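In what follows, chain A forms one complex with chain B and a second complex with chain C.
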Partner chain A sequence: MMRALRQATCVALLLQPAGALAQSSQFKGWAAVSQELSIRLAPQGHPFDLDEFLPSRSMDELLGTWTTFGTEHRFRNGMPNALNMTIWHAALSGFAKAVGQSCTSPRLVFHERFLTTLHALCAWPAPAARDEGVLFAFWTSVMGYNAGEHEYAAWRDFFLREYANQSATETVAAMTFAITMNPSFLLNR
Partner chain B sequence: MAQPGAAAAVVDTGGVPEGPSLWQKRWWIDRTARLLRGGEGLGPEDDLGALLPLTKEQIARRFMLDERFGDAMLDFNLFFLGFKSDHLKSGSAYDRTVFDFPNAVAAAQSLLKDGDYFKLFDLEGPFYMAPLRSEPLDEPPQPGDEGLTPAQLRGKAMRESEAVFADALAFAQAKPAPRRADLCKTVEALADSGQTLTPQLHRAFDDAEIFALIRGEVLAQPLEMLAKVAEKACDEKTAPAAARKSLVEGLESALAQIRRAFAAIAEFEPDRYQPKSVLEFKRFALSAFPTKQKWLSFGFEQGMALGNSSTNFNRKRAAYMLKRFFCDDLIPIGFESPQEHVAGVHGSQTSCYACHHKLDPMAGFFRTYGAYFFDYARSPDIIFDDLASKDRALYEGVWKAASKLPAWNIGYIRSARFQSYNSYGASMGDLARILRSAPEVKRCLVKRLHEYIVAEDQTIDRSYLDYLTREFEAEAAANTSHAFKSTIVRLLQSAAYEQRDADPKRCYDRAPGSLPGEGPPCRVAFILSKNCAQCHNAAADDGAARLDVGSWILAPDGQRRIFRHLDDKLAQLSARDSLARVIERLSSTDASMRMPKGRVMGSDERQELFLWAQEELARILEQTRP
Partner chain C sequence: MQTVSRRDVIRLGTVGAGSLLLAGTSATVAADPDGDPHFFLLVVLDGGADPSYMFDARPLSMTQAGKIQNYLGEEPGVWTGRNGVATLATRLVAPLRPFCDRFSVLNGVYMTPSFDGHLQNMNFLFSGSPFGGDSFIPHLNSPETGRPPGSLDAVLPTEPLFLNVNNHSSVVPLEPNALEQLAQRLRAADPPRADDVLGRFVRSRMAAAAEGEGRMAAGARRMLTSLDQAPDVHRKLAALRVPDEGMAPEPRAIALIAECFRLAMSRSAIYVLHEQFDVHDADQAKLQPKLFAEAVGKIAALFRALVETPFDAKRSMLDVTTVMVASEFGRTMRAPEMPIHATGTNHNQFANTILLGGKGIRTGLVIGATDLVDEKDTPSRAHFAMDPALEKVMGRPIDFTTLRVRPVRPDAFDIEDCLTIGSVVNTLYAAFCVPKSRYRSNGRNLPSAPVLDGLLA
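Now for the complex of A and B:
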């Protein structure tokens, strides 16, 4: 599992936008990322409680937040740094692991349509799971259209090549982690 | 390119062939959905295929019909006011803090009903009480309160308070009638019991709720009224029968006030009231509060954030108003020397007066508001957030004008030198009227909307901002909501919004008809052309021609670009010297030096040009440091 996560992180870093001005961008914040994942993957009206994946529940503020009290609000802690990257890594690897483990025992309650895609992907490395339609559906389910097409292609090719013989649990977790650690997913723009 | 499998695709592509423009449009739709539906982007329930053939305007207008658009606009309004949060809702319930900004709520509701969006600028109006707390308080329960739910505790505390008044009334109405002295003693004791009754009632409420009880003077005013009645009725000169009648009527009135207020508060028990959309936000019946006043839009959180100490003279509140409603960050760039001598604390210190000439008159609008924006207009003293108090009349005297007109030195000051440019007033109503009519406020609103929709740090060409503002103003004359929605649509169709990885320093949009040129950077080009180019252009036939603000040529060092800017010997100045002169002329307090000469330049434009020149100069100095 550790190998998978390390490799997936490498994919995420390699997929940074070319000529990126991403350094001027900020994280969307934990609240926005949680909401995006819930809207895309959870049943309508039943958002995930992703706080359980944070190393500590109060750490959400370190991932970018508008919320404060007693002063005017401005977005704080949104600039990527070593500390908040570590927290993002810990939280999203936990989430990715839970998605991967859902191939064998459900950890999260998913929307029916995402579940259909996930079940298809959980046949990995069988050919049915490597189908272009399944991979595309999984990518868009988690990422939406935040990233460009070339990033989808890079992600797909990497997993088809490097995870050809890995288990479904490990692969799905690594795939999820690679998408959610992608700057196009985490940053405002 | 990937071809999604029809069976497994979570987002239905609608059978439309893939391609970069289609992918881009999906991204645009997802981003726009997130923006206009309170953070909720496309999900499995959305029919993307049905949206793809529509134009961007049609898609945006469709999202605006969604009830979640109300959340998006409430979120923007909070952003405009400087109090945006991560969540408007936890689950399906709105966070209680969003109820704290009544002008934001009223404007969002109006926008959904195509009403008056400029309610955002109304500083007095309705009160949207939040559903009362359903989680227990942090403090341990008092003896006798153990095991009670928050609603049960509120009921108990309100009944206890009511009983104190009811008992006094029953005593007053008893047969045979009590002696006047006994009745007076009872009423006077009740009127004097605020220090006991208040904490007894407040123990069942949290800070934000107590804030409402205090501002509504739920206990204070009935008790104050009883004190006045008792003072008069218990005077020996008043006939006993008349005194008794007066005291009974006073008690009846106080009890009725308390009951009315408690009944109105009970309407907000969470089992009765839990709005699911912005339109369901319910107004509190302010007539049920003894004060019966319009509600000041500065609520509990702003009361905390914008405290006013006894030495601050409301300047923090004034700075907030200038920053949030006028986009004036009070950069100290000097000011035009007033034509008359300036008195006051900062009058002789020009560096201070650069801000205070705007700050202090704006602060005057808040002159009767003490701690937590409590209005002391009816009181001889005013109490501040540092718990100090002052004689109110003396305190207000700070803002009395030396001249007859205006009577108060209170207003929005555009020029310290030319009074005719300024907007004066005295009350919150006057300030709201200034906000509704000032062009700077509309421009600020559009600027903030650009920041909210595109990105906070994205540079905007000032001619484009002016164009957006002009269009907004023209449409707002007929309907402010339509105008606001149209401005949103324009921004959603802008080139900057289309960028996935935008360069924050680049201007992606220009006003229709303006051509990209080789001129100065877009951040300041329009400001220069609007305020400086009339004199400082190549065709000028006087000394002003030595600076051409429309040019952008290679500096003598052959590396940087700068204005064509000649010295006395008609030699081109270095970039450093040219910028230093620009800064000096922008910030000079000497009317013969200060630019633009004899004219008033908008505060935000002077600020932007000054900051740009400073940043450029700092960059040059940094690069040339040995």
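Now for the complex of A and C:
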């Protein structure tokens, strides 16, 4: 009997979780990203309904979501994979396009301060829109303070260089997309 | 007994292939250029299904003696394998008779010997550890098997399981009703591009974040790899023809899985039955005949769909798919201090029943058995040591060469004598050519759990 108990205890104690327990950041999830964007860009008390940009219903669950089983409360589907990356890409492309189109006809309702920044940026490629203050205000409005200064600098320099002659609608959409697809925006720290 | 013949399969396959294959797609080539496609389907009975209602039944006299509940109230019949080994089975398995030569029955399979919780045993099934870890499913899709990996490790056309596994990032739920819209939207959208200036910039920021150590860098690396694969998945999803909503759920799921396999979108699929088998309460336990009738009907429908759904012009889905039907554990014979006619059952991790069939598996066999076969059977000392209250049947020691139960009554429990989930998974690994370095052992300092060679085709 002792042998059996010993063996049972061994099996219990020594079967450690297998290797490759790589620590990796996961996506924040659609709910968290929607909330962040609403807080930063939407009027207080009127959050965005960003679900319209998801390519299909239930897809938010594939982008990272909390689930409960008994006493277990786990975040699921947050590890980047080819499918959730495809869905993020489709959803954030749609959102970015809507922000860009807001230069000509409002697609989303923004709060006052962001609207001021957006209107200034919508003069692109005029010099007023290429102003450091305008660009930084737009960056921080969307990204928040999740990324380091070097990320902002890389983003700013890229658009000043590569989008110098593009339309405002296209540029604002691309700017928004580039920010929201940045790991600093999408991943949990 | 009516069975579905190989000829039926070919005939059905020839008839159906044209309508199911994607236009302009060479399915076999898309799925596996080496012409030897091999996939995996896991059907999960969630909650701990009682094997005594299926392929590990007990005589009614045992219920009359107050040893084991039986709300079917019928004498079980004999189910004999092609290897001459018999087990008692209830009439509830009748829908599976036509497919009796399509799968083998494994009785008395040990899950984790030390924990009897749902999560721990489901973790153990998938990862070999009650606490979680790497799941075996992605290993079947690894390049180390010598096959080109599918874009995703597995798709779930049902609700996902609760697991603590950390390499499940490419095991994703794909609910059929949501897929139709997804496919439509993706057809209208551009896939992620790496050849335009914006795409290159987005990638460059991921690459920058991926440099160095730490969780963010690891996450960014995963993002980058996933973004590289995303155009392929985008195109495959856009090409996906979602099966008609009017189809019954099981054939529809198999049709969808077939699409995913043909497109090389995934190596595996997991199908979770909706029935909840956790019947601690007497009122729940009394519903088991209905519960199992429905569940077995669905399993039979899945097998039928696998037989009738062509993978290509020559092969059915069952020809290219290894199928496993499993629960996280079995159940106790009864609950203590409840009358035998009004008792629920608790968890029994010492005796699970698993069905294994399809590609790479010798089918029609009965392997393994449990003890306490009738009211007169006395337990071994090993049984007393592990289950002093005699609430559980336990898997009997097995000869791994002959796959027959050894006629011994051990004094002490030794996991190495037992048919374990580790052996079952290692047998799957052998069928899929997963390297031996991945093989599971049954405990520290023990060798790999034996592969059931006699079960390999």
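The working rule: the second predicted complex is superposed on the first by the 160 of 189 C-alpha atoms of A that agree within 3 Å, B and C clash if a C-alpha of one lies under 4 Å from a C-alpha of the other, contacts with A are read in each partner's own complex, and residues count from 1 in each chain.
As a convention for this text, a contact is a pair of C-beta atoms (placed from the backbone, for glycine too) under 8 Å apart; a residue touches a chain by one contact, two chains touch by 3 or more.
None of these values were measured; they are calculated from a predicted model.
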item	value
Which of chain B and chain C A:A32 touches, first, second, both or neither	first
Chain B versus chain C as contact partner of A:T67, first or second or both or neither	both
Partner chain in contact with A:L115 - chain B first, chain C second, else both or neither	neither
Partner chain(s) touched by A:R189 [first = chain B, second = chain C, both, neither]	both
First, second, both or neither for A:P47, with chain B first and chain C second	first
Partner chain(s) touched by A:A123 [first = chain B, second = chain C, both, neither]	neither
Where chain A meets both chain C and chain B, residue numbers	17, 19-22, 24, 67, 69-70, 72, 74, 184, 188-189
Footprint of chain C on chain A - complex, ascending	1, 3-5, 7-12, 14-26, 55-59, 61-62, 67, 69-70, 72, 74, 76-77, 79-87, 89-90, 93, 151, 154-155, 158, 162, 174, 177-178, 181-184, 186-189
Residues of chain B defined as touching chain A within the complex	1-11, 18, 20, 23, 26-27, 29-30, 34, 39-45, 78, 82-87, 91-92, 97, 301, 304-305, 320, 455-457, 499-504
Residues on chain C engaged by chain A in the complex (per definition of touch)	112-115, 118-119, 127-134, 151-152, 160, 162, 164, 166-170, 172-173, 175, 178-182, 185-186, 189-192, 197-198, 201-202, 204-206, 208-210, 214-216, 218-220, 222-223, 225-227, 229-230, 232-234, 237, 381-382, 384-386, 412-415, 442-444
Sites on chain A touched by chain B in the complex	17, 19-22, 24, 29-32, 35-36, 39-40, 44-45, 47, 65-67, 69-75, 111-114, 116-117, 120, 131-138, 140-141, 144-146, 148-149, 152-153, 156, 184, 188-189
